[in-house]
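Chain IDs A, B, C and D follow the sequence of writing; residue 1 opens each chain.
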Amino acid sequence: MPYSIVRAGHAELLVRDLALSRRFYEDILGFVVTEESEGRLFLRGVEERHHHSLVLTESDVPMLGHLAFRVAEDDDLDAMASYFQTLGCHVHFIEDGEEPGQGRALRVQDPFGFPLEFYAEMSPAECLLQKYHLHKGAGVRRLDHFNCFVSDLASCEAMWREGLGFRVTEYVETDEEPRVKKAVWLQRKGNVHDIALMEGRGPRLHHIGFWMDDIGSIIRTCDILGGAEMHEHIERGPGRHGISNAFFLYLRDPDGHRIELYTSDYLTVDPDHRPIRWSATDPRRQTLWGHQTPESWWRDGTVVMDWERNVPVELCGTTDARAAGYIK
Amino acid sequence: MPYSIVRAGHAELLVRDLALSRRFYEDILGFVVTEESEGRLFLRGVEERHHHSLVLTESDVPMLGHLAFRVAEDDDLDAMASYFQTLGCHVHFIEDGEEPGQGRALRVQDPFGFPLEFYAEMSPAECLLQKYHLHKGAGVRRLDHFNCFVSDLASCEAMWREGLGFRVTEYVETDEEPRVKKAVWLQRKGNVHDIALMEGRGPRLHHIGFWMDDIGSIIRTCDILGGAEMHEHIERGPGRHGISNAFFLYLRDPDGHRIELYTSDYLTVDPDHRPIRWSATDPRRQTLWGHQTPESWWRDGTVVMDWERNVPVELCGTTDARAAGYIK
Amino acid sequence: MPYSIVRAGHAELLVRDLALSRRFYEDILGFVVTEESEGRLFLRGVEERHHHSLVLTESDVPMLGHLAFRVAEDDDLDAMASYFQTLGCHVHFIEDGEEPGQGRALRVQDPFGFPLEFYAEMSPAECLLQKYHLHKGAGVRRLDHFNCFVSDLASCEAMWREGLGFRVTEYVETDEEPRVKKAVWLQRKGNVHDIALMEGRGPRLHHIGFWMDDIGSIIRTCDILGGAEMHEHIERGPGRHGISNAFFLYLRDPDGHRIELYTSDYLTVDPDHRPIRWSATDPRRQTLWGHQTPESWWRDGTVVMDWERNVPVELCGTTDARAAGYIK
Amino acid sequence: MPYSIVRAGHAELLVRDLALSRRFYEDILGFVVTEESEGRLFLRGVEERHHHSLVLTESDVPMLGHLAFRVAEDDDLDAMASYFQTLGCHVHFIEDGEEPGQGRALRVQDPFGFPLEFYAEMSPAECLLQKYHLHKGAGVRRLDHFNCFVSDLASCEAMWREGLGFRVTEYVETDEEPRVKKAVWLQRKGNVHDIALMEGRGPRLHHIGFWMDDIGSIIRTCDILGGAEMHEHIERGPGRHGISNAFFLYLRDPDGHRIELYTSDYLTVDPDHRPIRWSATDPRRQTLWGHQTPESWWRDGTVVMDWERNVPVELCGTTDARAAGYIK
């Protein structure tokens, strides 16, 4: 592979009320504001050393602006542009600073409709990890991963694995022959995932996952939301995933974008690390504790932006989680 | 009041397979076996300094054997016998040692059908609190409270408050006039409750609550149950109750008896401590995080033994949790 | 006993710089300000339902203003006044409201020099326990206990036990005959202590202990102090006491007054609860983990106010912790 | 670089009483025994998927047998052999299976005297991560890092950085010109370190660090050791390092080998990740909470084996931690 993706880098969410979203992300989740420009907020977790891992952009229509990955070197961007062109995608570059804090970046609407960005450089920002007295709310540490609904899972997995060099750590599969994959977790940075793909009506973002320091911080987030009578933001959890072993909590932000607070997964750096297979009928894959997943979690997702037209990409595939065998 | 109840003391559960129950209570919950006699197991939590807080008795029919309360002095028992006689109850005394480890005790089937026991003395047992290397599983610390379904809540509350000297800490009430109480929490030992009463088809035991050291121990219990593929024992939680502020987990034992692991409530020793009122329609009373309560939690309970006939007391009242307004 | 003490109620600390102390107690420890008057601050923990558990009073000389205990009924105060008069103490009453938020109160300089206050009534304040979004810093929950240096331990213990009705839960004793008690823990509210007495140069306050929800909150307090470069406020811990089994952290406030954050002790309501004896040479009494106690912890204490003269009471006894056998 | 080291792989400790050591590592730390052969025990943490991360070998003289690193491919071993030969080291290969469970491996006494091993393959073993019911004691998850005393820090760092491709994440340096490095943390797997080097009398192993799931598990380990009256195994902590941000606990095994339980550091995968500099006089580098480090921690280390002669390598450099400026 002529290029090297380092990790999931940042995401941009379009939100309808920036002040309202700011309260959610800054006061409740504990993000730090690096920069505020007209209609946009650049946020980072307390561990992060760069300008942003989350961008909130005010917009009439809530959607995913883009998902961005950090690559090792600027040259990688050109090689990746060629790769996406072989897939028939239109690519373009934005200049250093066009997205505040970020160097030159490649932008592409991938064959599955996702607005992706790749960049090698981002300006440094102060790491507040050890300034514990400044941590607020959940004290989110750093971006961990993206999770997406895609209608053609097999092809999309092939792009991320073979084309972009991600490695599979876990997957869900039907038991009947021919076995069909229903979801797959792929990583670059050495834990369970930088991106997960789930079969469903796509292209849609299922959630953005942020790393937390420990289980106690996640419990405290529930209490803070409960105390503030904002419990309706809690969609699912806390619980322990079978897949990834993570301790998790799923929240819905004021626009319904889904955020996962995530901790306690495992190391996957070994080259012979073997993917774990889960049967699509095993309830422990969802939570090791056997909890039922609320229907909204299977059903809802965030539409993604068409970069040329600034409107959501049209969906295809099925949303019927029951048909997909997820809900009985 | 001519007598003084100290605290909830112990309970006896009738179980169908003592070996199976032992694995659940000893290996998973971490109870310590004080004594084993034919068909009976006497258990205590790691903090407890007396012979037992839980008795498991093998039986063809699973039910509640009895609920027992510790009183300050042996003389209290005679005064309490008189009180129950004024209520028209038949009382009898068992001698020192008749229940292993226990002194002279008063037994009564209360007017609501519950088999109650009162005792002043129990033989000491080693406290294993600081022998952390011997703790197993959840490491249950001590008995905290009982929770019961009663068909006539107002009268039953009156007995516990006025007759037996318990103090109300929290209650659930309808909003329409005339307001009707739906549940009440009553205490003697200085935290939220030694006994809670919920309107429903009774007499039935809803659950026995055991004190845990911290939230981490409760999460670990979920993981242990999940790891052992015993997740079906988890009925509800973990979560944070609005009522009592407790962090909780509800389990069902092999016979379906419900056990609560409970921690993080608050101190109630002040004489002017004012009961907290919750509206029966406020979802935060159930969990501060807004989680839905599973229907089984509202519906299921353990029948209680008729001491004279060794069979379950017949039920009255309604089990219809929907009718009672608990479930929409 | 013709009166009933309920629990340790509140303390008053004289501090040199009220603004500086406020930052420590409000921002770092998370106390809530109920009332601010000229030169005084009335604070409570997030669980507390009354006006104050800690009073900070600006003064040129840092010392303990008074230690206060809540009694069950106003009539108890008169009976207690008589008791202290039999001990030869001068007593006086302050009127309802003379100490803001507090009802009529008995004040006495006890025979050992401590300025004690007893009161039955205090005006209610909002309990913020479930307003988790408002908790700050350590989120201190409530007052738990006082710990004092006294020069004549045997007599002082006798006053608290026999005169005031406290019950001993644990004590430290020399091994050689005749055995001599070195420290004793006494309770009214049903956990390990409301007051502890340690032999030493007195009368001095060793520390005020506040109840914390869990170990995680105590660790977070260390991180917050470390992050703020205020680590010099940490004197000892975190650790696990052998005595009381508590998980603890000792801090020194800006005037050197010692505060303990304390959690995870045990229930002591049983009338037959037997005191635990620790040998004065057993290192596990201090911490179960064998950690050494810093010399300052044995040596330093807060002088106490002479209520008539507004100056510190003169000390007697020895400060020599080595002589007392505490430090080798 | 013509080869790629993946991570710290395993270590071999020579111990005098294998049964005694087994109790420490298996019952207290929670290691899982993969294989037991005459005089040797092959252990792994509950998260680990390979045959061993720790080998205990019975021996009259306690020392470090070897430190091993996993490389990406078998071919890497030949390239590394050449590299060490250019350094003037004698290298040899052991065959697949010569160390049980391990493929072909390169062994070398590095120029600083350390017995190093490199291998690409190890046979799989069951991962017990989600079998929470089988976890024991501390439930150690996985090997994290090695920490060594070296007498010539600058040269040794150069070998690991330039020769072996490790990246520096943090370092300690004197303030006076010319500034001198005193310690350095180097990583391959994407967190703070796979190996740390500290100036001192070497070659000696300072400690082996194992990853823990959370702070609660580390506290529980202290309680377990305290409960079992094995508190003398606790040398330092628990606390929060400034360097690495890790929450730590240092234990001494029955032979005095030092084990660190370690969690809560941070991600370092970014290619532009900048090393953090700490002044050698900043007490917060050692613990963010300002705790003093016990002298034994600065002084003691494990001697390392000379592979040809089976005796400890002779030491050079100074052990005088005071002279080195670590202790005042």
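Couple of notes before you dig in:
As a working rule, a contact is a pair of C-beta atoms (placed from the backbone, for glycine too) under 8 Å apart; a residue touches a chain by one contact, two chains touch by 3 or more.
Note that this is a predicted model, so its numbers are computed, not measured.
Between B-D and A-B, more C-beta contact pairs join the chains of A-B. Centre-to-centre, using mean CA coordinates, chain A is 34 Å away from chain D.
Chain A and chain B have CA centres that are 44 Å apart.
Chain B and chain D have Cα centroids separated by 50 Å. Multi-chain contact residues of chain C (touching two or more other chains): 130, 214-216, 223, 225-227, 242, 288. If touching chains are joined by edges, the resulting network of the protein chains shown connects every chain directly with every other. Remark: chain A residues 27-28, 130-135, 137, 214, 216, 220, 223-228 touch chain C in the complex. If you check the complex, the residues on chain C that touch chain D are 215-216, 219, 222-223, 225-227, 229, 231-232, 234, 238-240, 242, 247, 283-284, 287-291. In the complex of the two chains, the chain C residues touching chain B come out as 6-7, 47, 49-50, 70, 72-73, 121, 124, 129-130, 141-142, 189-190, 211, 213-216, 242, 245, 264, 266-267, 269-274, 288.
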